[in-house]
Structures are given as structure tokens and as C-alpha cells.
Amino acid sequence: MYAVENSTVAEESVSPQSPSSNKRVMIDVKDLSLVFQTNDGPVNALSDINLKIGEGDFVSFIGPSGCGKTTLLRVIADLEKQTAGSISVNGTTPEDARLNRLYGYVFQAAALLPWRTIKKNCAVPLEISGHSQAHQNKQIDKYLRMVGLQDFHEKYPWQLSGGMQQRASIARALCIEPDLLLMDEPFGALDEITRDHMNVELLKIWDETKKTVVFVTHSISEAVMLSTHIVVMSPRPGRITKVIESPLPRMKDLALRDTEAFHALAAEIRAALAEEHAID
Amino acid sequence: MYAVENSTVAEESVSPQSPSSNKRVMIDVKDLSLVFQTNDGPVNALSDINLKIGEGDFVSFIGPSGCGKTTLLRVIADLEKQTAGSISVNGTTPEDARLNRLYGYVFQAAALLPWRTIKKNCAVPLEISGHSQAHQNKQIDKYLRMVGLQDFHEKYPWQLSGGMQQRASIARALCIEPDLLLMDEPFGALDEITRDHMNVELLKIWDETKKTVVFVTHSISEAVMLSTHIVVMSPRPGRITKVIESPLPRMKDLALRDTEAFHALAAEIRAALAEEHAID
Amino acid sequence: ADELTLQLKWVTQAQFAGYYAALEQGFYEDEGLDVTIKPGGPDIAPAQILAGGGADIIVDWMPSALATREKGLPLVNIGQIYDKSGMMLTCLKSSGISTPADFGGKTLGVWFFGNEYPFLSWMSKLGYETTGGSGVTVLKQGFNVDPIFQGQADCVSTMTYNEYGQVLDGGLTPEELQLFKYEDEGVATLEDGLYVMEEDLADSKMVENYAKFLKATIKGWEWAKENPVDAAMIILDYDDTGAQTEEHQIRMMTEVAKLLSSEGKGIGYLDPADYQRTVDVLLSSESAPVITKQPEGAYSHVVFEKAMSL
Amino acid sequence: MKESIFDKKWFAIVVFIIAITALWYAAALWMNGNQLVKTYERKNQEWTYSTIIAEAYQVKRPMLPPPHQVFAQWYKTVFDTKVTSKRSLVYHTMVTLQSTMLGFVLGTVLGVAIAIGIVHNRTMEMSFMPWVIASQTIPILAIAPIIVVVLGAINLTGVVPKAIISMYLSFFPVTIGMVKGLRSSDRMHLELMQTYNASNSQTFWMLRWYSAQPFLFASLKVAIAAALVGAIVAELPTGAQGGLGSRLLSGSYYGQTVQIWAALFMAALLGLSLVTVVSLFEKILLRRRGVSV
Amino acid sequence: MNQTPKLLIYAAVLFAQVALAFFTEPGFYERAPLLLFLLLASFFAAAGMMSACTALVDANHPFKKSLKIAVPSVFALVVVVSWQALTQGYDVPQVLLPAPSEIIVAFFSNLPTLWADFRQTFLKAVIAGYLMGCISGFIVAQWAVKSRFLQNGLLPLGNFVSAIPIVGIAPIMVMWFGFDWPSKAAVVVVMTFFPMFINTLAGLQSVDALHKDLMHTYAAKKSQTFTKSQLPQAMPFIFNALKLNSTLALIGAIVAEFFGTPIVGMGFRISTEVGRMNMEMVWATILVAALAGSMSYGALALLERAVLFWHPSVRSGR
């Protein structure tokens, strides 16, 4: 269930065929704005954001650089506080959600601790939540296998390529099996093939575990490939221009990419993005 | 004129329709290998590379992370020395080519000097070659205009967005009007729209100036969009799996992207890439 | 004019009033000399300066001069200014010290840097060990007499003309103090004297200059003795640190005057008997011998006699 | 979010100054008081707490002089004394400043020169670098007197020997910082220069010199403080020739604790101002290279 | 390309210079000033030898490790030989500058005294002061990193205090803590506290914003954030302070001994033996100090390499 009550997109865009229309709302953003006070004056990073994300949805934020994708994700994660408006995550404040360890966050950079092996890196969130050694090992094993790093668990991050590091950081976020997965351009550093592979893996995990995923990307095809809903944003001030609900099935495979429906959705997103660019 | 005499691709793959078959060879790589000695043992970054690049061609290297694209480009630029085999650039050694300031190199990151304005940054190679002030100004003006930064020449790099910085670094490389342009994922940091725009601009410059361009990319569509020849590489050890000559016209525009021919070439590249991945 | 440089043993103070008086009153100039006086300091060993050529004449104490001579640097005494020692050990009566027999186990403050020889001889004579064990505890006294105020030492070394005054200034009264003058204990050694390099005495021109210098110096000391207040004021003028006080320097001048050679041929003459007494004291200490054998040619009257004949 | 007063810099500084002053007074009372009590007991005199409190702040030879005494002495010797007088603290500060500056300049030049050598010449790096570090394990401050005396013996007197000690102390941080700085150039920038076939000196003046500047200034701040320490220590053995060091010495020699503290205060003030001047230069330079500060 | 003949000539020149410096009657430069050319030649020989060794090291010679030590050793040899040659050749009085050979003799014939001094100054004062200074600096930095207020107050104070020359506080410490080693330790504490404080604080503050955010998303407790992210990241800074302090501490303790000590200790020895004109003993003590300083520094550097195995500066080998 999505609602954008923005000046640009005024109408309720709940598409009737949406299977999520009577789902529980996981994230509810109302009239949210965020202004950074900088030396050069205030920066309107987010302005009048209205957005509902249903449980189990896979939502992608797409838009040009600086449009506030990261900022919005950080507000959800309680890494940033809005300056106006309200937001609830799983019915509580973002802070409570964070304290309840509701979500896992994957940063754009891998952000692994260089003094810990890959395995010990994945153990960090588990150690912090106080899980038993046995449970830690089980989880780490499972998810390192999932991202294809089972043979590298004793290596240090700097002994791995950028893409492998990024996969390790995803495994780390998955280990605590959070209900909500927040991912900020997690595959930006990967080559296209690995990226495709990771996309498929992510889709599988999401489909199996019924997590809610909020995903920031620059890539149109990635957004199409993954999402149930695509949120197109535009900068200065950061706002939502359009929310597109994907007509494609939840579970997609790579073959889908050569279909008409895929290209049509990609074209729609590109058009929405270009529109904004033209104004600029 | 391209020749891959690799174990994988043994036959001479000079396509008959190639307009470049009797062009001068700009880069000639023969049986080239490069092994890095690291603490963890030797890394076969390049192995048995055979490649000819004709003058005026636009050649893209594509392949998964770590397959040696950057390394090969660096060998051409004399930033790295091969451990076996030979290479000639414009008929001389890479070192002589470098000493003659034959090429311009664009790094993946903009690599602008933060203590110089955009204009003064572009002036660096000209100053080093000892050009007159007047000539410097003329060149800088021309190429900053070409990349759309004419209004920003007095700004410092950190006052510009990542995309603008990258464009400035391209202008800097163009200022000395080198015969050969070596570019290592120059648009990796840009959003898709800006990237499209930059692709078109680069094509225009290349078409006008008849330069030879060697271009490293991760993106299949970018490779298709730009190249006359696409070199597909695979890792461990880094080698060339396939050289694809583009059937598309030299000068392309964005509309081309929705054509059958475009998708077909993209699919061919993807297949070549995936093939290698499957082996892995 | 001939140039001569004099290196003092310590900072600018009335202890050296005679030289400054001679300089200020023009006595050196009268002799055709251009004299430079270099003040010393806590870490300046005058003999080192002399050896390096930084000075022509130094003011030093005889124990240290003889020890240096035995080290292979041939210093020769050409004139003795003080014939009495101003050194003493100042003890707190409250610490239970009334005779040297009470020193055992007590903490005594001593100056080092070549000034420790008389003390070591004395302790050796008394039979105290100074390097731990059953003897006395020795404390390397810093620049001042603080240890006695802070209860860190039972006795401190003082000069009659300087530190003793500071002890009194600091609030201790003579009644609270037990003094042991080296003179009275029979362990006195000769203090301020003038020393030059032996090889220079072979040069008659140098000898003549030294003689002129000695003559003017004697005159300066006599003047200072007569005019203690004026002499103190000269010292204040020459003090670059600006830390000296008038009353302190006047008192020092008065006390110093008492140490000046008075018997025999007066200021400047080294009495061989005094010399021998010093040597005997230094030789007498078995445990910490300052010198091991009777020095040869450590003093010369050539310059003094020449000065008298000028 | 509004800043609370507790986040203000000046507030913290003021609170700290007040707290330290209060602590200082308390400590002075305790230390000097104890001494007074000991004196009274030695003299078998009667004493009461009130007399002790009254006298503790006016002792002539205090263990710890109270702040106002130090400040009064400082004020008197700075403002109420002619600057040309040897009793003026300003005069002595100038004496020290002279050798500090000379030593600092020499040390900086030497330090930068060594760093350039080390960065550009492998042999120099391998032979020299270990000894640059080892050189600082020689307790130069301890042998400063010897150096001053030995140099004095060969008639190098006045400001030069002091400056040499300052130089010895200040070249080290400069060398270390500059080596680090000259090497801190982004690898990509260095390769860029290589693709332009830039000469060593072009690379130096266009790239290395700039990337070294932040390191250089950080080092200069350490170096100038070290130079000051060197100058002051060098003034101790030549105790009678002026400078803050000789003020410390003569204060100690004549038991004038207050004078020591005033000189110390002045030394710290001087050190702080020197560092501030370097920071100022840094700001100006950084602004010229376009960094907003 | 055979370098052997060249190297043999270099070695011969150096050998001749060593023989001249150590086994010739003093005063040879005064008698034969032309011998100075041999000194000059030995400089060139040493320089040639060192660059040859450097080239071998860079070419990954099998004896790389020993060659790496050889280069600075040759440098030191040249310094020592020149020192020996100049003091002997010009017959410099021993009271001014003793020759290295005399220093070595003094070193070995006074080992018990030097050991006693070392124990007093290094094993007692330096170690105690160093530990107290570093630990307290580290602890206070923990508080300061959590409180802007403490930072704002302590940093300017730190700058002010570090501007005070320690020689100034030494007499005061002797006044307060007595003339034995505790007063020296106190000087060392004051000297080492602020470098440790400032470095640790900088280290704790340098923590990657990303890692901070990461810990925040895990809702980690302060202590967890500290041990898992802040402390390891601050380690390079802390080691910097530890290394810097190791040289500062020794110097501080030695200088403090100039202001009153029992009659043992390295500072006492230096200042007393100068007065007694035993310059070779002074330099032997300085040698002990330099050895102790270099060895502590080296030990800390080794420890750093082990602890910071993950840090780029260690990983890249330099």
C-alpha cells in the first residue's frame, strides 16, 4: 500500500491489483522534511515526503545523485532525525525499532572492521545482541554460504575484492535475520554479472523469508528486476515524484529481462527520471 | 584489426566487414602476461594476452571484477610492466609513448588536485609540457565548454558534484589532445542519466577528433553504446575470452538503445560474460 | 690592547666582585688589557672552557683543579685570591646533630660538579661511607638550600657568603642551626684561585699579560674590600638575569672580604703551606681519593712575582 | 537542536580556569600550611588554623605560591618594569624568543631538507631514517650544557649554541611529518603525474608539496614548542646570560619560587603564542589553497 | 654487470680509514693534513657501498634482511670512524670531546656503575612514570571523548601545559616529591600524560563515521562500541603516543635529575662527571641512554606491527 500525497503526485496511487493493499504497514512516513544546517546555509535534503511501505514489500528508491535517497533511508534507520513531519516503523518510532534490532542496514561501502576476519565481522551484530557461540556459528555459516563466501571466512577484509567485501557485509546484515532490510546501493561496486547473481540471491532470500526490503539504487534495471514498488525521487529539494507499482511477478528471473514488460517498466522509470532532469 | 591468438579464442577474428582491417595498429599486444608478487603468493593478473587495436577505434574492455581490465590498461600506459610477452604503443614501447605524452589517462576517480581550481587542474598537463599561457587558456576553455563546465572553472573540486568532477578530469585529459585516450571506468560514479549524457558527449568528441579510445567498463549497455570493438575478459588468470566487433554505426544516439540490434549485441556480450562465470 | 678572557666559576655575584671592580674602575685598561669576563653557571666547568680555548684564565677551586690536572689537563695556579674556605655544612639542631659523630645515618646535601671533593675527603677522614651502606646518605643538592626547609635533608652545604644567608632569610635562626665550617674541622681546601694552562707559562709575553692581569685584579679586590656597597652595585649592573638583590650582594661582599688572603704577601699570593695543607687533605682520603699522588708543578709564583715587580 | 551552554568552548575554558585556580589555592594552603606548621613545631611556637590560613598565602619561600602571587610577580615584571631592564620578563622573553626562532628556522630547513632527501633517495632513506629516530633517544637536553660549553670553548657563544640545541629538537618532528606528508600524496595523483611524464621537481611542486602541507604544519606546531624547550634548557648552564631559562635557574638558585612560577607561566604563554602564530599561518595558507576554514 | 671490484675498492678505502683512525699515534692530521683526503674518500666509498646495498635490497636479493641492516650500519660506522679520526687526528683534549674508543673502554670498565644508574633512572623512575602517565592519559581521554565539555576544557589546557618546558617543573617536582626517584617519575607523568591524552582522544574521534553508524544500527551499548570499534581504530594513535612518550620519558627523567638526586642515576652521572672532567664516562652514560631509548622504541615498534597487522601502514610493509 503506497500513498504519495505530494504536491507533484497528489492522487492516491494505490493500484487496485496490488496484493498488498490490506497488508500491515511497515513504514509510514507523513509530511516528513529534513533540513541540514551547513556552513553554506540550509540544505533541503527531504521535503514533504509521504510514503507507506507495506510489510513484505520490496521497495526501491531511485533518483539522481543528491536527491535524498540515502537520507530517507537513514531517517528510517534512526541515523538521522527529521526536522518536520512524522515517521513510524513497524508501528513504533524509528528509535524503538532500532533498539529492538528490527532492521539490518547495508551501507554503500562494505564498512567491515579490518582487524576482524570475515567470520568475526559477521559475528559483530550477533555478539552485540548476545547470541550464543553455537547460534552465531550456525547463522554465519548459513549466510556466508548464501553469498558464496564460505571458503573465505578466515580471511581479513583487505584480502578480499571489493565485491566480496560487499557480499560479506550483506551476509552480516542477514545473520540477525531482521524483519526489515535497509540497503543503500549495496551492489554499486559489483560488476554486472556478479550483480545479477546477487540480485537473484537477494530476491530468493526476500521471497523465502518474507522480509520487507527498502533498497536504494542508481540502476533502473536493478530497480525493475527487484522491486514490487519503485519510488522515483528528485533533488533540490529532495522529494518523491512518482511511485510506480511493478506489474511484474514478485519472483523474477534473469530471463525476464528480455521481455516486453520489463522494458516497458524500465522505460516508464526512465521517463519519470528524465522528466525531472529536464526541469533541472 | 583485431587478433586474439588466445588458447580460448584461437582463430583470427578479423571480421571481413571491419572498416579498420587495413588501418594502422595503435596498440599491439603479444603473448603478454603479468604476475603480481604478493604476500599471499603470485597473482596471475594477465595471462597470454594477444590484442591489436587499430588507430581510431573505440575499444571497450569488459569483464567481471578482478579480471585484469585495469591492469591491461595500466600496462598500455606504462604504469605497470608486463612480466612476459611484448607490447608496442604507436610503434614504440609504452615507456616511450608515455615520455612522448602520447596518451591521456582518465582514472576511475576524478583525481583532481583539491588545491587547484577546475581550470588550474586542467592546466596541470599543459604546464608540465610547457605550453604557453595563451595556449593553455584556449585549450582549457574549449574542453571545459565541451564537458559543460565553462561556468565552473573558478570553483574548487570539492565545490562540484562527483559527476562534474569526473567531467573535469575528462576535460583535463583532452586538453593536451592526445592521440590515444585511456579511460578506466570514467563514468562509474555517475547516475544513469548523467552517464547517458556523458556517453553521447564522449562519442561526439571521439568522432570529431578521430582519437583512439581504450575504455574500461562494467556496464554492458555502455560498452554497446560506445564501442567499435568489445573485448570480453575473464579472471583467474586474467585473459581475453572474446573480441566482439560491433555491427552498429560508429556514431550512436540514445534512441538506438531501444533497437533490436542493440539488444542483440548486449545479449551477445552478456552471454560471453556469463559463459565464463558459469565455469567459475 | 691585549685581549684576555676570564672564565668565572659561577654566576655573576659578589664572590667575583674584585674582577668586576677592576673592569669597571678601569684597572685592566690601565694595564693595557682588554679583559672579557664570562660568567659561569651550574653546568659550566671552567677547566673545560680553558682546555677548549674559550678562556685564558679561569677561577676555580683547588681540589677540582688538582683533580683535573691529574686527568691530564695541566692547570697551574698563578694566584690565590681566597686563603680561607667559605664552605660549611649547615645542620638542623632538631635533627639531633651536634658533632660530626652524629652524621651517621643522616642525610647530607652536597654540591657535586667538582665541588664535592672537600666533602668526600672530610667524610673519608671521619670514616663514613658515602655510597650507601652504613655511612651517611648523600643527596645531590640542587641550586638552592630548599632541602633543609622541606625536611629532605638534615644538613645542607652552604657558603658563608651566600647560601647561609639564604638559610637565615628562609626563616631559620642561628640558634636552630649547627654549623660545621670546613676551616674549623681541619679539612679546609683552597677555594677561588686563578688558573692557566701550563704551556702558556713558557711564553714570556703571556706571563707578562697574566702579571698585568693579576696586578689589576689585586687592585680590584682591594678596591672592592674598601667599597663593598659600590662593588655590590657594580655586580648588579653586570648581572644579566636581573635576579640579584642589592641587600644580598652587599652581604655577600662583606662576607667575601673576610676570606681574602690577608696574611703574608696579601691577595694573590699562594702560600705554599696552604697549598700543601690542601694537597694533604685531598690525599688523606683513602676510600674516595681525589688525587692519588703529590702533584708536581701545580702552582707557580712566576706571575705573582712579575706582577709585584711591574 | 540548540547548543547548550555546556557545549560552548568558552564556558568549558572558564569553568576549567576557575576550577584549577580553586584547586591551586587549596593546594597552596595545604602545602605551605604544612610547612608553616612544621616550622612552628620546630620552634615550639603556638599556632592556630586561622594564623596558618592567613600566613599560607604570604610565605616568602612557598612550596606552591598562590596564583595571585604568581600573577602579581608576572604583572610587575612584565608591565611595571622597563622592557630594556634586565629585571623585565619581557626582556628575557625576547632573549629566549631570539634563539627559539633561529633554532626553529634552522630546524625546519634541516628537517625539510632531510625529508626531501629521504623521499627522493632510497639510499638516503635506508641509511639515514633509522638514525633520525635514534638521534632523538640521545638525551640532548641532558647534554645541552656540554654542547653549550664545548661550543663556547671554541668561541661559539651567544645565540648560536642555544639555537643549535633548538634546531636539534625541532628538526625531528619536521622530518618525520614531512616524510609522511610527502609520501601521503594520493597514489592516483602520483600516477597521473607519471602519465604526464612530469619531472621530479614538477611532481614535487605541483603535488607532493601540497599534500605535505597539512603534515608540515602539524609538525611545525610540535617543532616550535620543542625549539622553545631547547632554548630554555640551553639557557640553564649559561645561567647568567639572560633568557627565561636563566630566570628559572636564578629563581631556583636564590629560592625565589614565585619568580620560577612567573617565568614558567611566561614560558607557557610564549609557547602558546608561538603555536598560535603557526596555526595562523596555516589558516592563511589553507585559505589560499581554497579550503574553507 | 659485476660490481665486485668496485665494492672491493670501497672496502679497502674504509679499512684504511679505520686503521688510520684507531691505530695511529694521535695528532696525525696536524702532522699530515693530506690524510683528510682519505676521510673524504671514505665518505664516497661508504656512499657507494650503501647505494649498492640499497639496489640489492630493492632487487629482492636473497640476503635482503641482512642488507637492510647493513646500510644504516655502514652509515653509523662512517660517523663513528670520522669522530674517532677527527678527535685523534687533531688530538682534541679528552675533556672536550672523547674519542669513541675511549667511550667504549669507559663503558665496559664501568658496567656496575652504569647498571646502578640505569636501574635508578630507567627501571624505577622512567617505567613508573611512563606507565602512570600513559595510563592516566588514556583513561582521561575516555572521559573526554564522551564529553564535549571536558574536551573543550582539557585540550587548551593540554596545549598550555605542553608549552611549559619540563625543565621548569623539575625543580618544583623535586621540591614536592623529594629528591629520590618519585620526583623524576612525577616529571615523567606530567610529560607523558598530554601526548597520550591528545593522541588517544584524536584516535577515538577518528573513528570512521560509517562504523559509528554501523554500531548505532546494532543498538550497541557504549562499552560494546568502545571495544569493538573505537579502541581498535584508536590503536595507531595510541601507539604513536607510546613511541613518542618512550623517548620523552627517558629524557625527562634524566633532566629532572639535574635538580637534586641521590648520588646515583644517569642524570646525576652525566652532570657530575662533566664537573669531574670524566667526559668519556659522560658519553658512556649517554650511550646507555641512547641504547635504552632505541630499544624501548624498537620494542614498541615491533609490538605495534603485531597488534596493528591489519592497518594499511603495516600491511604495506613500510
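When the chains are written out, they are named A, B, C, D and E in that same order, and each has its own residue count from 1.
One rule holds for everything that comes next: contacts are C-beta pairs under 8 Å (C-beta built on N, C-alpha and C of every residue); 3 or more make two chains touch, one makes a residue touch a chain.
Computed from a predicted structure; not experimentally measured.
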| Number of steps on the shortest touching-chain route linking chain B and chain C | 2
| By how many degrees does chain A turn when fitted onto chain B using C-alpha atoms, rounded in steps of 5? | 175
| query | What is the chain whose Cα centroid lies farthest from the Cα centroid of chain A? | reply | C
| query | Counting contact pairs per chain pair, which pair wins? | reply | D-E
| field | Averaged-CA centre spacing for the pair chain E and chain A, given as whole angstrom | value | 53
| Whole-Å separation of chain centres (CA-atom averages), chain B against chain D | 54
| Which whole number of Å gives the spacing of the CA centres of chain C and chain D? | 36
| message | So the centre of each chain is just the mean of its C-alpha atoms; given that, what is the distance between chain A and chain B in Å? | response | 32
| field | Contacts with 2+ other chains: residues of chain B | value | none
| field | Residues within chain C bordering two or more other chains | value | 42-43, 45, 48, 51-52, 142-143, 146, 150
| remark: Multi-partner residues in chain D (2 or more other chains touched) are 63, 145-146, 149-150, 153, 236, 252
| Can you list the residues on chain D that touch chain E in the complex? | 6-9, 11-13, 15-16, 20, 31, 63-64, 122-123, 126-131, 133-134, 136-143, 145-146, 149-150, 153, 225, 228-229, 232-233, 236, 245, 248, 252, 257, 260, 263-264, 267-272, 274-275
| In their complex, what parts of chain D are in touch with chain B? | 186, 188-189, 191-199, 202, 206-207, 210, 289-291
| query | So in the complex, which bits of chain B are touching chain A? | reply | 40, 63-66, 161-163, 190-194, 218-220, 258, 263, 267, 270, 273-274, 277
| request: Provide the residue numbers of chain D that touch chain C in the complex, in ascending order. | output: 35, 38-39, 42-43, 60-61, 63, 85-88, 91-92, 145-146, 148-150, 152-155, 157, 236-242, 246-247, 249-256, 259
| So in the complex, which bits of chain E are touching chain D? | 47, 50-51, 53-54, 57-58, 68, 71-72, 74-76, 96-97, 148-154, 156-157, 159-169, 171-172, 175-176, 247, 250-251, 254-255, 258-259, 266-267, 270-271, 274, 279, 282, 286, 289-290, 292-294, 297
